[in-house]
């Protein structure tokens, strides 16, 4: 297993958000967390990344216990986090945004260099001298993924990437996810757009009120009308 | 008032403005990244000035070597004090509310100012100018103090240096990124605490540079920290919190304003920074170069 | 940050403690007069504590209850001080009229300054209050012919019947009256409104509150009480000086509020008294200690900020809640 | 057809150069229970912000019972009879549940300037506040510190606070956001019940189409910077344009 999450409990101040959440992500998989707004998807991702460390439980990444580690250390171990609200540094150019995400090769050769990234997202190449703050929503989404990708992560946490994007851009995004998967990047996705999520994932977890309510392959979930109706309002 | 006297005052005002810029830019830089208004910034500047004084008593005072040596050694020493303060204290309050942050820095003012008094005493001191700056230069038939002209020129050099650092280096990118989303920066593998510590140290280094320059510009005493922090406040408010360009403009307005207005108004000119500060806050609270927060 | 569920707790325990303390405060000077010069000195000190306590409580109306951090509250303290000084020294007005005028004039000053300040929030509000108070300070400092500049105004007359003991009692009675008025204020609909605004300023607008208007009114009320405190201190010292308007004077009630606890009414007064007492105590303990008073005060402040942001009252409440 | 209580004419708004609304027009008849739907980022909340005075429109009129309220201060608009509940919980966290409602009741009767009478002793205010809390089912939590309530209850308190203003029109921004399925239907029934009982105009934003089509008399679709369509739930769910732009093929 590349990522093992074992019984984590996470709090915001006094309010208990995650209850004994456990999940696994295997090398090369695309796994999706489904659930409505406020169910605990983002908190799960933040807990894994160390941004909101869990009070109890463990997060094991590539065999290493990373619970309670500072986010930048987790990132340097090869985990990438793409936040829901994108967080493009508005004063920096597109290229400078990428530079921030670039960790330097540190001995090993980078799989993702600027040329490959720009080849992958040609639109960003055209915009490379524009300030991040002036990009459209879809362009920002590309940049935020590119910025994480250039740090050469083995696992990317993608938090609600389709939110607020036009259908055509969502479609393009799906293409990127498929390509990243082909390149061997493991992806943990969180989504509200069930149709989109199921189309691009191998396995799914359903989070509700901070509990994992369901887990299984996408094919199984597709057939389970009861679960879909109960938790996903589909 | 003759035109010559006016130019004389103007040059004087500009050199004071540039000195103020060096100090205020440190304050605004620290605010931009750390979101803390550091009241103790003036005290750090004062420590720089007194360190320059002490160093000059150890060396042959009035020589260029001694001046350059203190310019080389004192600012890093102040930055080191900043390092200790950031790691031990500031770090703990970034998530707290404004009031507690301000009180923390105010507590530091009380402590640092008193430490300076205990170590150096309350008498005014000054450091002899290195001899090549001791004289005056002729400009439009007027004798302008060379040292003031020198300070006037250091300002733009520092401004250019800051601009290059912030806009042409990776470190600068990291600092400007940390202004917006420190957390995201961390998730990208950047040690944000270190970015913050370094920024704070850079701010303190600037205060130290200001202190060294000030020590040879005029008398230094226990009041200079307070005087400059209030002026820097005015500068930062005028320019917009966190804006370096704004700090440059604000410094020139305050520096020139105080100096030039002294001719017709005497000591009443000291009211100027407060009046401008109040006026800007009333008319355009986010400053001339800043942006409204919503 | 601070649990203030017991913000206005008026439990039996607090009532009993209050009555005992009040009685003690009334008896104190009669005991102290038996100790000659030392006793007189301590009467003077406690009078100052009471006055500075009133000043801190006045600030706390905007700071703790209103959630507005003002760095310029000394402006109104100073205006009150100079009102008393000028009226008594230059216009020959009697003490009681001068003391009545102090809060009125300070309130007017607060109305003018506050009108601008309440348009801003947070840090910007804080800086504007600072700017205004320093502006006022500079004016008083420079206007030699009217205010005496940095010499201040000395030799303010004192009615004969007001010896140290009687003046102490006058201040204590005024303090208690002011306390009761402020207590009514924070428990009134107005007080609830102010607290509502503190809790969530944006939302408060959407329950139909003209936020600025209430903040302005609160600012004026706080300024008036500060003016009275300034007037009382001027009469105690029998002089008025520019220091009364200086920003460092604005810091005193903030420190008192922080040490005492700013989510209670009396906390700031207790905090101020503790700080004054500590300073004098250290002075008695060793002369060298008062030389580094600022360092000690700074360290106390650091400890409070880092470890006990609820102040003394916060510690007291926690202790009782746990038991 | 009853008189329009709210009429929006030619409303336009841009933020930093990017346009959110271009010439929005619609009218809401008195007493209607209707919803606004649309994709994320279409400006649903911004529309509420414009109606309640949080933002000032660039162009256009917002007529509330004939008065143009565009650009008025929020407290003014509240005074005229529009109240709102927020998408993200937005209450007074360190005050008790009762105080949250009480302060609003006092504000509604403009009693905030009573400087000396203790607010606790005003029986009428208390009765009124309890009545409202009972209406939303929070009466038994009256003395709890509101910040410690569960999310769903905080949202209901938010609605209670809005109701305490005795509005003629109530705007609800995603009243069921972040609730569990049971809580959702509970809240939907609460909203419907309040509407039937109080006979006020209600307008709500909602993502759950079952809820939208279940209780709205009328649905308006906000998309492409304007009102793309308006009609009964039946008309909207079969509107080809809406299906393409928003609903997708599934519904």
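A, B, C and D are the chain letters, set down in written order, and residue numbers restart from 1 in every chain.
Here, a contact is a pair of C-beta atoms (placed from the backbone, for glycine too) under 8 Å apart; a residue touches a chain by one contact, two chains touch by 3 or more.
This is a predicted model, so every value here is computed, not measured.
Peer 1: Quick check: more C-beta contact pairs in A-D or C-D?
Peer 2: C-D
Peer 1: With chain centres set to the mean of the C-alpha atoms, which chain is at the far end from chain A?
Peer 2: C
Peer 1: Averaging only over C-alpha atoms, locate the centres of chain B and chain C and give their separation in whole Å.
Peer 2: Once rounded, the distance between the two centres reads 33 Å.
Peer 1: How big is the gap, in whole Å, between where the Cα atoms of chain C centre and where those of chain D centre?
Peer 2: 43
Peer 1: Quick one: chain A and chain C, Cα centre-to-centre, how many Å?
Peer 2: Result: the chain centres lie 53 Å from each other.
Peer 1: Report the complete set of touching chain pairs.
Peer 2: Pairs satisfying the touch definition: A-B, A-D, B-C, C-D.
Peer 1: Given the complex with chain C, which residues does chain D contribute to the contact?
Peer 2: Chain D reaches chain C through residues 52, 73-75, 78-79, 83-84, 86, 90-95, 99, 102-104, 106-108, 111-120, 122, 145, 161, 164-165.
Peer 1: Would you pull the chain A residues touching chain B in the complex into a rising list?
Peer 2: 49, 51, 70-72, 75-76, 80-81, 83, 87, 89-92, 96-97, 99-101, 103, 147-148, 151
Peer 1: If we count contacts the way the header does, which residues on chain A are in touch with chain D in the complex?
Peer 2: Residues 14-15, 36-39, 137, 163-164, 167, 195, 208-209, 230-231, 233-234.
Peer 1: So in the complex, the part of chain B that touches chain C is made up of which residues?
Peer 2: It is residues 37, 89, 92-93, 96-100, 102-104, 106-111, 113-115, 118, 230, 233-234, 237, 241, 267-268, 270-271, 274-275, 277-278, 281-282, 285 of chain B that touch chain C.
Peer 1: Show which residues of chain B lie in contact with chain A when the two form their complex.
Peer 2: 170, 173-174, 176-177, 179-181, 183-193
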